[in-house]
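First chain written, first letter: the chains are A, B, C and D, and each begins at residue 1.
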Amino acid sequence: MSYFDRATPPTRESRLASCITYGGTICGLAGKGRRSCLENAERSFSQGSICLLLPALGIINSLPDTAVLIHGAVGCGTVTHSQNCIVRMGSAARHGKARDVLWFTTALQELDVVNGGERRLEDAIREIDREHSPKFLVVVTTCIPGIIGDDVDTLVERIAPEIKARMLPVHCEGFKTSIWATAYDAVYHTIGRNLLEPPEGELTSGPNPRLVNLMNVSSMGRPDELELERLLRALGLEVNIFPVFADPGGMHRATRAALSVSTCPTHDDYFLKHLRERYGIPFSIRHMPIGIANTALWLRDIASYLGLKDEVERVIARETAHLQAALEPLLPLFQGKRAFIAAGEMRALANGTLLRELGFEITGMRTFHHDEFAEGEYEKLAADGSDFVVNIADCQPFEEANLLRRLKPDVFMGHVNANSTAARMGIPTVAIYQVGMHFVGYRGVYELARRLHRQIRNPSFNQRLAEHVRLCYREEWYRRDPFSHIQRRGEDQL
Amino acid sequence: MSYFDRATPPTRESRLASCITYGGTICGLAGKGRRSCLENAERSFSQGSICLLLPALGIINSLPDTAVLIHGAVGCGTVTHSQNCIVRMGSAARHGKARDVLWFTTALQELDVVNGGERRLEDAIREIDREHSPKFLVVVTTCIPGIIGDDVDTLVERIAPEIKARMLPVHCEGFKTSIWATAYDAVYHTIGRNLLEPPEGELTSGPNPRLVNLMNVSSMGRPDELELERLLRALGLEVNIFPVFADPGGMHRATRAALSVSTCPTHDDYFLKHLRERYGIPFSIRHMPIGIANTALWLRDIASYLGLKDEVERVIARETAHLQAALEPLLPLFQGKRAFIAAGEMRALANGTLLRELGFEITGMRTFHHDEFAEGEYEKLAADGSDFVVNIADCQPFEEANLLRRLKPDVFMGHVNANSTAARMGIPTVAIYQVGMHFVGYRGVYELARRLHRQIRNPSFNQRLAEHVRLCYREEWYRRDPFSHIQRRGEDQL
Amino acid sequence: MSSYIERPRFSCALCGALMAAAALPDTIPIVHSVAGCVGNVAWTQQGGAALQVGGPCGCLGIPGTNLREREVVFGGLDRLREQIANTVVVMEGRLFIVLTGCVSEVIGDDVDSVVRSYKWAGMDIITARTGGFRGNSYRGYEELLKTLFRDYVRTAKRKSSRLVNLWGVVPGMDVFWRGNLEAMRRLLESMRLEVNTFFTGEDSLETLACAAKAALNVVVSPLYGVEAAEIFTEIHGTTYLVAPFPIGPTATGRFLHMVAEALHIGNEDVDRVIDRESERYYRYLSPLTDPWIDLDLQRYALIIGDANYAFALADFVADDLGWLPEQVFVTDPVPEDQREDILGRRAGLRPEPEHRLVFETDTSAIRHRLDPRWFPVEDGNDYRESFSPAFVIGSSMDRELAESLRAGHLSVGFPVANRAVLDRSYVGYSGGLRLVEDLVGAMVAAR
Amino acid sequence: MSSYIERPRFSCALCGALMAAAALPDTIPIVHSVAGCVGNVAWTQQGGAALQVGGPCGCLGIPGTNLREREVVFGGLDRLREQIANTVVVMEGRLFIVLTGCVSEVIGDDVDSVVRSYKWAGMDIITARTGGFRGNSYRGYEELLKTLFRDYVRTAKRKSSRLVNLWGVVPGMDVFWRGNLEAMRRLLESMRLEVNTFFTGEDSLETLACAAKAALNVVVSPLYGVEAAEIFTEIHGTTYLVAPFPIGPTATGRFLHMVAEALHIGNEDVDRVIDRESERYYRYLSPLTDPWIDLDLQRYALIIGDANYAFALADFVADDLGWLPEQVFVTDPVPEDQREDILGRRAGLRPEPEHRLVFETDTSAIRHRLDPRWFPVEDGNDYRESFSPAFVIGSSMDRELAESLRAGHLSVGFPVANRAVLDRSYVGYSGGLRLVEDLVGAMVAAR
């Protein structure tokens, strides 16, 4: 039985044995696979982080003609105020006009906790359908319904015939998983179950041998899509961009592609396996197109599936030469500078390779979780024999602050909302993604290099800040082992 | 010999015996024509005011494809910073895009005053022509060249063959006239001398019997033009709007019209007489289309020239009925409220009639100058036997402050930059024009009524101000005759 | 109440309590909930709090128990104990506040007992029940205050006649809270009062602990902090004054008089301050007079805000600017029976006619409940009366609405995504000037 | 020098002197020129001075002789005498300042003699030669100061060691002059100095008359008021300090140290102020950190301003914001030989490379003198290095330029047509925060 036949997808912990707790080195990780951080390693002190609801909403909020109903307490989902900015900019870039997300919350209260929230949810669905008539209504389940046992799937199924909107249940009970990446599975799960069959009456053409599904991620903006589209078109391919900002009503067209192309294995494996199993569409998923070598690997992978070996080498050669010439004047500033990276695992690793290409030395890396997809990446970085600290953590800036105080890197690249520790320590910082700017492909390398160049040229903002503000950690903490709150019950540790 | 055959136009003082000094009543003025304020009446105390350069630039700056070169000290022309706002808005309303005025100053310095400014002017013209290639270049002469005797017209004529731009000299020596309205003659003078002949090679069609020139003024914005255009079109006419924001290259088309229609006699008589003398185009100039009755008179005047008597009555009847019904709910608030008006003579008088139509009582009026065009208007206002103070003054807010303290009007309508005295005394104020809003025609009556209504409903801004700031006059001044600084050498005074 | 809220202009109780707790000097909050709650607050601030994210801890630096399925099944108290014990080792702080989230509350963790044991051990630690299902962020702020007043403020033997505590400005929900609190502190200080505002850089845990010495508590809100004030009175005896949130000279003058009266201070100090500040206000405002009239900057105002801002903005634009606030939307979920109370607390102010004041939490519903006169008259010879020219003072979610009304717009209330606020304040006299600058700036931007 | 100036960012000497004279307390200017000069100033303010028009006199309330052709032929002194005599009757004032315009100067009126006779009669009356051909508004300000220092400031027997005079902020040309002067006054007062700023509501004619008691004159400009300072030294002996116009914490700290050093004040007072204010600045700035980095708000800055702002803004964005001010345009007409002086007065600051600092008065010429790297890279796979993302800090005349560079824009320097300024200031610590708010606001407005 496929995962997609069940109402809810599995967690990443159970499906992939992903983990979030490790402190060691790259050499300690490379080649060791999932055993590298044992499932039961845990922190005896932790700081808040995010849950799968946030990245799930990152995709869901972007969908056109879609309303979002969050079934939970009133606070779950207010992250949308932030994602709304991205949706506005993204809509403007794609459709010429900013659009605000239309979202709702059942705002569960004490009585609902006691009596169950199904009645309120049903009323909310009916009322939203009546008052707002969205084409699609995503119903997102959060912690409280998960604990009190609201059966959202059954409810949705029961009332579906009376609701004009196509309902899409998504499960985001935060307590069930520490791996945010489960969010992607949660969203793909509802897409796979509800949106891949063409609507009745629509003529379905057969598979298109030049069409590839380009799986975007919500951290990539339109410029990144255009760069990848440009490269794929240079191979003579047509591109179906999917699923962020994609029209839910047209998602079934993904089943006509000749190949699905992931830009981030962590993001897409669950769905691409489903597309292959169910619709026979192969996928390429091994590399992230970030950095010169990785972009080439990513392109070659695609080409190998489609028999475009000669074409791809021509494209890679031309692009690489063009890029290398452009990078030339920027590189001297980077030589030997020591960089620290913190982000999602695939992204962090790919950027590590990229920074090395620019002449940086990697002095440390923090990744949000670890799973099997990254193994090859660790090996790429460990291949030259150099070693550096690796810390797997769902943020946990206290470990980061300790590490940075020791390592004193020259530049820091971090995930959105995870740069301020380094910034307050006076280290030049560059966000590792920022929706709306270039990060991927060849253009991404160039633009990132320019960004690094200007941040290193004038890091005054962070420097001044560091002179006048301090972090909230005790001085004693910096003198302790940064990983001393990781409860080591296994092997392979420092 | 026509005025237009000379390099410079006459002043209004000499051409029309206009004057700026009078303190008395409407009954003292009505029917007395130009004698009412004698030419040599003067103030023994005066406050600064404006000169003809400002209204002249109001028209000049609006012209598309035109650069403006002010020949004078660096300060003359910085008024353009203010007019630039109007040009931006006006360009956006007419052409969909804001445009900044391109203007220059010769910025005459001490040495130029000694040695003459012609050399600098010539260099400036050549350089502007070379660097900026404007289609038209208006060369505006100010006080200094007027005193030191720079012969701008001869210079322009001499170098014209070498200059790509069509040069348009305009004379604005501020000391030569106290009547700003001379500005209109100054601008029309150059238009009449330089822009009315069709360019060589252009096929000129014959006169168009349905075409009227609608003479706009720079204080009217696009909405006012649209209202008048709407009314003229209702009479089956085509409309050529002229000269503000009109393309200088197409101004010669004005010579093909069947009639020229002024919206302000003070503005247009000099030019319309020229159009009639030189091109045989009759003109209607007696009324300003401000207020219900005046708009009807204005329309009837036009209709009578073009044989549209029946049509015009239908239009007037329909428009008046429509307007009156709309005004109904607003009028109760106005009944018996006492209004004070201060602006250019024609505009002030026409608004006096309008305010009476709305139910206001006129308690006093100040006009910037007086000439023969207004005689009929004074008679309209004096016709019902009511009397009120009339003060003719080129601003002179000290007289206004004294009058307002005595009269305590319920509302004040003043020219732009002339409302702050009343405002600081706590009186509700409405600007008598504001480029970009409705003031003329039927729509103008309605919109002005709405504006008055809301200002009277909540005059807090002015009231709070009056509670906390004071004007800069001595208390003793308010106890003196407001006209005590008018040197009465003539008759017809209080 | 409806079965949903559309785009609420607040988050949950935990979020409100957390933003407030993180704003206290030398204070470390400990969130007893799932990991995502803290991140949700950080991202919510990213999008809603005018580019102000995190306190001294940084946005993801707040300690938390990060509960998982195991704790949901077996209880989270062991994890909480461990977390508290280690928090002291890692985090620099003197007061620790355990804030509960939905999960720890729904599974029934007895947090009080754990906190009590640490307290007995000598730690400065308190706790508040701030599970998201208990209410919105304003409720969380209120709960935090109640906990502070109950469990942290020490009983005082005698009152200090010129010491006042001031609250009612909700950190994070009022994106101008930092500047606003500082501005109100300055105003009252200029009346020769000592002031506790708890959450500014000039406050300290010491002054908070001694807050019971205050002769008066001033709640600058008809709604937020009033319950806490009642508890304060109950425990510490200090009476409280509910005063309108003061924007601009008229409201601020009234505010200062109210405070003076409640403190039985002579008018001398008040009048001196009011005279000086009014003189300054109008001296600075005066040069705007000509443009104000000539550009016709009077507007029909559509006000959308929380209970603090909706009334304060409406009063300011009506009383000081001469605008016409034809409709005022209060976006808090206020039960019917409390609405009267709120209006009652606007003592001395003219009552708002029913149709002008609307309680509405849902963003799209605001549009549906607009007087039809807001909608623009189409071009042409249409004489329909309309609220035009209009200006919308609301949140950044009201931009689409403003655009469709062809109205100007300024983001003042949460969420504010489209501007940065640092020490800007709209409170008091100088705050009124700042607001005038910003409103006019929005109107003349294309000029 | 070119034969013209295109769209000068200043008006004439009379305009500058008039805006300054009208800003003095209890002072009535009398313009001896044609009628239009005063109106020109009023309309210039309407369009350029951020919606601040007129002083206490109102915009067209300034007394003037309104010369006509008759006076041009026969001289204007009789008219001037009449006007002065009647001004005293109508206008409320204690100091009267006759300002000459082009016409009265070109026709050779001996204004001094008339003014002298009134002075001998006991009237407080002085005069300055401010004909438009004498220079621009900055020059007019300088001439006014010189007249004040020469003819109104009384000689003082001894200096008061903690009294300083501060000038260099030009009313009207700096549209933030009111807030800026107040902010600098506050800063220096917090160092326990007494301060004369002449033009604020807290100054008076009495303190102006006693300005010679000052131990130091602080000119916060490399250009405006330096000549006047020399004259002051000559007549009254007070030495002067030319200090950079201080925006933000780095420049302001340096400024305060310079003043303290010049006054031989111990570092104690200075350090106390700097510590307190820096602490406050960074406390308020700190929550912006995440959005600042995550939204990548570092910019290549194109700075266009007068000698005060161009340098001050460039220093602020470079030193405090970490921006890259790749080109800085100074829009004053500074003769070649004085440019070195100006740069020299930026003591202690790194010299600007030649290509970065451009003296250019003409608005279109700025575009022509831009480094080609400002112009945006067209979409597509173009790797040309560019100054992108860019931000233009200039006047409202630079909006078209900014748009064509796809850059953000904030109007700071004259003319400012598109915003209202009341008491806003960009000077000092809080002014730096205000500027950050406004810059970021312009960048994220569509967010």
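Everything that follows uses one rule, which is that contacts are C-beta pairs under 8 Å (C-beta built on N, C-alpha and C of every residue); 3 or more make two chains touch, one makes a residue touch a chain.
Small disclaimer: the values here were computed from a predicted structure and weren't measured.
A.B. asks: Could you see whether A-D or B-D has the larger number of C-beta contact pairs?
C.D. replies: Higher C-beta contact count between the two pairs: B-D.
A.B. asks: If every chain is reduced to the average of its C-alpha atoms, which one ends up farthest from chain B?
C.D. replies: Result for the farthest chain: A.
A.B. asks: How far is the middle of chain B from the middle of chain C, if each middle is the mean of its Cα atoms, in Å?
C.D. replies: 51
A.B. asks: Centroid from C-alpha atoms only, then distance chain A to chain B, rounded to Å. What do you get?
C.D. replies: 64
A.B. asks: Determine the centre-to-centre distance between chain B and chain D, using the mean Cα coordinates as centres, and give it in whole Å.
C.D. replies: 34
A.B. asks: If you look at chain A, which of its residues touch at least two other chains?
C.D. replies: Each of 85, 416-417, 420, 424, 469 in chain A touches at least two other chains.
A.B. asks: What parts of chain C, by residue number, touch at least two of the other chains?
C.D. replies: Residues 42, 46, 53-54, 56, 58-59, 279, 283, 285-286, 289-290, 292, 294-295, 417, 446-447.
A.B. asks: Line, ring, star, complete or other: which one describes how these chains touch?
C.D. replies: The chain contacts form none of line, ring, star or complete graph.
A.B. asks: In their complex, what parts of chain C are in touch with chain B?
C.D. replies: Against chain B, the touching part of chain C is residues 249-250, 278-279, 281-283, 285-286, 289-290, 292-296, 298, 300, 318-324, 381, 383-385, 446-447.
A.B. asks: Which bits of chain A are touching chain D when the two form their complex?
C.D. replies: Against chain D, the touching part of chain A is residues 85, 88-89, 92, 98, 226, 230, 319, 322-323, 325-326, 329, 414, 416-417, 419-420, 423-424, 429-431, 434, 437, 442-443, 446, 450-451, 454-455, 457-465, 468-469.
A.B. asks: Under the stated contact criterion, what part of chain B meets chain D in this complex?
C.D. replies: Within the complex, chain B touches chain D at residues 43-54, 69, 72-76, 78-85, 100-110, 112-113, 120-121, 123-124, 127-128, 131-132, 143-144, 147-148, 174-176, 178, 394-395, 397-398, 416-418, 420-421, 424, 469-477, 485.
A.B. asks: Give the list of chain D residues in touch with chain C in this complex.
C.D. replies: So the residues of chain D in touch with chain C come to 42, 45-46, 51-56, 58-59, 178, 201, 279-280, 283-292, 294, 396, 417-424, 430, 433-434, 436-437, 440-441, 444-447.
A.B. asks: Applying the document's contact rule, which stretches of chain D touch chain B when the two form their complex?
C.D. replies: Those residues of chain D that touch chain B are 2-8, 10-15, 28, 31, 34-44, 46-48, 53-54, 56-69, 71-72, 82-83, 86-87, 89-93, 102-103, 106-107, 131-137, 364, 397, 399-400, 415, 417.
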